[in-house]
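Labels run A, B, C and D following the written order; every chain starts at residue 1.
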Amino acid sequence: MTDDQALREAVLQANRLIPKAGLAALTWGNVSGVDRAAGIYLIKPSGVAYDDLTADLLVPVDLETGRVVAGRLKPSVDSETHRAFYLRWPSIGGITHTHSTHAVAFAQAGRDVPVLGTTHADTFSGPVRVTRDLTPQECAQDYEFNTALAVIELIGDDEAAQATPAALAANHGPFTWGKDAGKSVEHAIVCEAVAEMALKTLALNPSAAAPQWLLDRHFSRKHGAGAYYGNDLSKATGA
Amino acid sequence: MTDDQALREAVLQANRLIPKAGLAALTWGNVSGVDRAAGIYLIKPSGVAYDDLTADLLVPVDLETGRVVAGRLKPSVDSETHRAFYLRWPSIGGITHTHSTHAVAFAQAGRDVPVLGTTHADTFSGPVRVTRDLTPQECAQDYEFNTALAVIELIGDDEAAQATPAALAANHGPFTWGKDAGKSVEHAIVCEAVAEMALKTLALNPSAAAPQWLLDRHFSRKHGAGAYYGNDLSKATGA
Amino acid sequence: MTDDQALREAVLQANRLIPKAGLAALTWGNVSGVDRAAGIYLIKPSGVAYDDLTADLLVPVDLETGRVVAGRLKPSVDSETHRAFYLRWPSIGGITHTHSTHAVAFAQAGRDVPVLGTTHADTFSGPVRVTRDLTPQECAQDYEFNTALAVIELIGDDEAAQATPAALAANHGPFTWGKDAGKSVEHAIVCEAVAEMALKTLALNPSAAAPQWLLDRHFSRKHGAGAYYGNDLSKATGA
Amino acid sequence: MTDDQALREAVLQANRLIPKAGLAALTWGNVSGVDRAAGIYLIKPSGVAYDDLTADLLVPVDLETGRVVAGRLKPSVDSETHRAFYLRWPSIGGITHTHSTHAVAFAQAGRDVPVLGTTHADTFSGPVRVTRDLTPQECAQDYEFNTALAVIELIGDDEAAQATPAALAANHGPFTWGKDAGKSVEHAIVCEAVAEMALKTLALNPSAAAPQWLLDRHFSRKHGAGAYYGNDLSKATGA
């Protein structure tokens, strides 16, 4: 079992951001973070209220088997979805699932969230796409693992997963991921924000679109070799 | 009269959730909880601000006669609606009525809230339906009791009431119920959330729909013999 | 000059409800309350932030002349609109003006807020209507007084003003009134809530309507000789 | 370097208003304020969370060269956009950029925010317009400076910039300005509010419009020689 208290604390704080950022009501939503060296990920327990959640209650799950490693709590019912993502994409360290309103609206409408502006392009290189429907068979057995497989089928390899770290499970809701738990929930915030902007943009102009060169410029300001966004606050002091 | 202080506290907290969860402005909305052994339900007094509400101010009403059992306050004007639900459905222990924005919009539009995704199917087995209009006669006499009868006519028996514990009174608003007061207000939160999601989904895709097998899978994750959602936090400690 | 400290406090609290209830950004919106015996109304000073507002800063205005009675602050630029309402409708004791989003949307669209359900009918006996456009002459001189005259032309006499204590100045926003300052801001809250519900109802069903007998029943539950809504909390104690 | 602590504090408070007023999530958005005598403007550092922001972390930039004058932090990636505005419009003292939802929706839809009522006309003399698309060349080099040039091409001279201190960069978002940092963020609040009202107005009436004489009257109540809105609170005391 992982004894990484920093990971426990990071996963706890990321889970608490879900209600704080208005991404889900009640106990909806969950965040996990992985310790790849230990072969374990920590995930929100199933059905626990965010106000009751503590670092100790997070459930450690074995990455290979999906079995709970310690404690008496069951992990989120979506645990197997998380596990499949970790197995497929080695670069990711955290995963978030929410039922945020506007992202769910796109998932339920069966429409991708199109890239209509720089808010979207600053974080996601392409549209936030919706999976195909699962088959009755995929729903009947290993449903949660199959949910991930449909997302992986849509997204592709690790590089593609880094370029657009978000997808919508059809008639369900958004899954986002990132290098750690905190980054994955940040992507959930962006996903909801750009979905809301897109819904309102389409109400004003059903054929809205954006020039690709503008989008590329914004994505490259923040990502890749030429990125020039952000600061390291530890360098702030001194002349 | 019931001297169940735990019930008083539970009904008080459930009422306070209404403004906290943004389900109603001013004094709109009310929650009740029933003590079936005592033959009494406790309900919010009429027209009292949520900030002024205390456990002592809750009004005890006789389940058989609808008469106030103690105190000088009148119960919510919707008291008779609650009473009719308790009489018809023996399994329910709490009832919530709100004027939450999106649920009211569907009630005023005369449209059911369709099951468009898993957020809805996690809690409600079918659409949240709208009653027929009341007749002039039903409005003229015993209006509040007749409001419940139109809902009961729509929903059916106790089993059906458990499967989808929510309905919309036409041109009025949502009524939800559950095994206790807290669960009924939780269902009011879900009802408003799925109504908002549905309204936005329909704006993106007027013919949106969801595969029945996905919805069934989600409902059965949380309800019935095969349910595997949730935890008992009292079991959390120990290895 | 009025030395009614209770009125000062009531008008202050009513003004503070505007930002608290989300009815206006920045310094938008204003509430006044009248002391008819003294022939004076107290109104928010022009352009003062709600956080800076104190009871002492409220501006006393002479009901007959519209002149400031004491202090060096100018009253709200809408002071003359308030004055015209007080002069025309003897029963009203308070007036509120806001720029709340959905009420403004109807005012800008030139559409009445229709009575689509009981939330509306509980407070307003008819639609919240929009005035005609002011003429260039009415805008050029005595603009604020003329704004009130267009509302009065729409609403009619004192009895009609009590039945539906709200109107929308075309391309401007809502004015509401009531027996005192607190009641007028409560009506502003209802006005915004029913405008939001109506906008969303019309998005779901452009021809939505409600049976008149249901609306009448709800209005009469709260208003007139047969009203049975509400409690006097001072009677709450004792058996 | 400017040692104007009052400017530092004003720019800090203006930046903090962005999340407080709900104008942007995460680290999106930035405010700057200029010290024209010193030839320097202070701007938010790139990618710093609002909760971590202090007056000391604001980055001083040389107005002529765009170079950082002191400290080790990089300025906002939008620094060059700010600089171009300061160089072109001598009357302005502060600039705000946000990704507020409804203003972005208009920017992404490629539609101006039309003047549909007095809320808009109280602050902006004309529509909040959208720039043309930048060319691939303008995006490839000096992108941020070119973003400002497209806005300046749309707005015109200093007088025009004062009359309507807001514009939408196409597929990007709003830029607003004012006599100081605080006023620029106030204009960002107005810009978002009127965009939301306009979107909802157009949903109710796609051909909504307002009489020009009403709009002119409102703009002149607050601006120019005949303005009569507002108070100087320092004059509030005494008879």
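Just so we're on the same page, contacts are C-beta pairs under 8 Å (C-beta built on N, C-alpha and C of every residue); 3 or more make two chains touch, one makes a residue touch a chain.
Composition by chain, UniProt nomenclature: A, B, C, D = L-ribulose-5-phosphate 4-epimerase.
For clarity, every value in this text was computed on a predicted model and none was experimentally measured.
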Co-neighbours of subunit D and subunit A - touch as defined: none
Superposition rotation for subunit B onto subunit C, Cα-based, multiple of 5°: 90
Copy pair subunit C, subunit D: interface residue numbering same or different (half cut): different
Averaged-CA centre spacing for the pair subunit D and subunit C, given as whole angstrom: 32
Centre-of-Cα separation between subunit C and subunit A, whole angstrom: 46
Junction residues of subunit A, two or more chains touched: 203
Residues of subunit B defined as touching subunit C within the complex: 25-26, 28, 45-48, 52, 57, 70-74, 77, 99, 101-102, 104-111, 133-134, 136, 139-140, 143, 171-173, 199, 202-203
Contacting residues of subunit A [partner subunit D, same complex]: 21, 116-119, 186, 189-190, 193, 196-198, 200-201, 203-205, 208, 210-211, 213-217, 221, 228-231, 233, 235-239
